[in-house]
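All chains are identified by letter, namely A, B, C and D, in their written order; residue positions are counted from 1 within each chain.
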Amino acid sequence: MKWLKAAADEIVESIKLSIEELNMSEVEKLIELLLKARDEKIFTVGMGRSGFVARSFALRLMNLGFNVYFLGETITPAAEKGDLLIAISGTGTTKMVLTASSAAKEIRAKVIAITSFPESPLGHLADLVVTVKGRTKAGLPREEDYLARQIIGEREPLTPLGSIFENNCMVFLDSLIVELMHRLGRTEVDLKRRHATLE
Amino acid sequence: MKWLKAAADEIVESIKLSIEELNMSEVEKLIELLLKARDEKIFTVGMGRSGFVARSFALRLMNLGFNVYFLGETITPAAEKGDLLIAISGTGTTKMVLTASSAAKEIRAKVIAITSFPESPLGHLADLVVTVKGRTKAGLPREEDYLARQIIGEREPLTPLGSIFENNCMVFLDSLIVELMHRLGRTEVDLKRRHATLE
Amino acid sequence: MKWLKAAADEIVESIKLSIEELNMSEVEKLIELLLKARDEKIFTVGMGRSGFVARSFALRLMNLGFNVYFLGETITPAAEKGDLLIAISGTGTTKMVLTASSAAKEIRAKVIAITSFPESPLGHLADLVVTVKGRTKAGLPREEDYLARQIIGEREPLTPLGSIFENNCMVFLDSLIVELMHRLGRTEVDLKRRHATLE
Amino acid sequence: MKWLKAAADEIVESIKLSIEELNMSEVEKLIELLLKARDEKIFTVGMGRSGFVARSFALRLMNLGFNVYFLGETITPAAEKGDLLIAISGTGTTKMVLTASSAAKEIRAKVIAITSFPESPLGHLADLVVTVKGRTKAGLPREEDYLARQIIGEREPLTPLGSIFENNCMVFLDSLIVELMHRLGRTEVDLKRRHATLE
């Protein structure tokens, strides 16, 4: 299990570093927007594994009593001016996320980007960027880059593709939920009252 | 396109017949429960293609302003006493649907079964059964039944598995939406205001 | 139940008409592409209720043994040159569907549009358009159009938004499955062998 | 951000501990079953946030070339004797997960439970249990337990409900993917070739 343990160590170190490197004024603005949006609608969006992180966060916001939806699910209503879209994309280039974010901007909903790359298309489009570090290299490797780096000895993470970002992002958002719980004066029992019972 | 046309004719005839054969006092009770549930939560559930019909219906109920969720999606909250679960299963035997329906009964939510078989486990468990006809034979054929029927010349539908029920059910529920629109005095413009805009 | 019955009649008439008005040479080309794609991957895509139709079709293609995926679900792999994307959008303007279709064109996958509007952005982008009629008016009504039509007495369908297209499309694709079954020599028992058993 | 940082610390410590406390002979058996299942089908299942972890794992197994499905999605085929079901449930009591696992046992598919409670109904039913620690208290608190613990001063985790398990499980499974990559001789470039391109 040498590789399993090495990968777990790498993930844990990466999570710790990504929390330390958060820009807390970005996070404070995010919290303000979330607390102000309690009478509006909040939408989260992401594709693939970032989408699962976006759904996990939406589920906890629902537990907390927010009016929240994951984009693409059945009962997602119309977004309106003043609503929030929380767009999660490590690279900030995911096509479907950009399409939704542009649509949100057009109707004057606010877009919050959670990404490793504030200079990405998503970062440029967003009203607020919260930078969550992922891989140290920009973007996913193209095949030729990957081989080049192996030759010159640059280190790639053990976990493939966006895994580092996704784990960092998951822990960041779960920690943010705890911060929100305390600011709102909510306990776990409050959350449990809203937790799915038929499944 | 001989088979395409024959199948379309069969589906259309089956839909017409299934609407004629609806028990309108069952449908009236369903409408009453839906209208009474406007301050409660409504959940729909179904697996596979019946699940897609259940989601299509939930989406239109959302357009109409109901507080509705599809079971298994991200933001589905806790069901409570007095809530409605609309369970769709042609055979009335789908395991996951029975599990959810039993859980709903335990917390004293009301279960409405939409099924071809009122005498099925789902039918027996439900507070209200709305029978929507599907295949004329009970249940899906086991391999040996299927061969037997071919030998003795009984006719099977051209469309496979639950297709007949799913189409009948889809048209029934879309027509029910129109009935609800008129009873609630809602127009298409009202519905459009709640229709997804970011996708 | 006056409105329920009127709506069901309207849906049934619309389905019949839409099947009659199919351009069978478009359908024949679709069948050819599907049969040729048996060693390639097929993707279906659609948003909202068109998405549920796209999933219902994907499920039956899976039952038939095709290598098929619904875009946005967990295990959807990379599309490659030669793969098929079946894009379903009544208006042919759905943003997410256009984004996916453009991405498919870039990697030289083939795009098949199933839409009411062959002159829409989706229609123009597609390698093959199969026209399935929906509402007789182009597109969904803007609020001002809707009111204008009510004043001048033009008739709108009873069912709201894209319902007419979605039902027409569902019956068309289910009938297409029967045509494919016969061309491939498959029976319902073959399909049942591949049908979900754990749910 | 006092609570955010405290929660992140707690999550990170919990992940580290849960990896240290893994029973590596359980993990070795899991790897053996996965490697043997390369010609069979693998299904993952979970509800709510455990379901998102189950999907994230399924996505990476797909990237690695496994024939894998998330239960409840569109194209999930029939399970058969010899297939694997990987069932994720922190408490080991999730109703839908138990229903699917029982169905899997009936057709003689193998059930692997990933849970904090090997003595749970899911644990008892499974062919292999891999224990991933979650909250130190058994199960989620009932309201009265919760209040009792506050009075007597027992410590509850800062993150609510199943968050601790879900994060531990996510990091465990992502680390397991790295172990599998090395045992199979796969690189990130191999995985990227199978990664979704149309989204």
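In the analysis below, contacts are C-beta pairs under 8 Å (C-beta built on N, C-alpha and C of every residue); 3 or more make two chains touch, one makes a residue touch a chain.
No experiment lies behind these values; they were computed from the predicted model shown.
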When you check each chain against chain A and chain D, which touch both of them?
-> B, C
Where centres are the averaged C-alpha coordinates, which chain has the largest centre distance to chain A?
-> B
What whole-Å value do you get for the distance between chain B and chain C if each is reduced to the mean of its CA atoms?
-> 21
Where the centres are mean C-alpha positions, what is the separation of chain A from chain B, in Å?
-> 36
Geometric centre distance via CA averages, chain D-chain B, whole Å | 32
Which residues does chain A have that touch at least 2 chains other than itself?
-> 47, 55, 59, 72, 95-96, 100, 103, 195-196, 198-199
Residues of chain C touching chain D in their complex?
-> 43, 45, 55, 58-59, 62, 68-79, 85, 100, 103-104, 107, 109, 193-199
Which of the residues in chain A come into contact with chain C in the complex?
-> 47, 72, 95-96, 99-100, 103
Which part of chain B faces chain C closely enough to touch in the complex?
-> 1, 3-8, 11-12, 15-16, 19, 24, 27-28, 47-49, 52-53, 55-56, 59-60, 63, 94-96, 140-141, 143, 146-147, 156, 158-161, 163, 166-167, 170-172, 174-179, 181-182, 187-189, 191-192, 195-196, 198-199
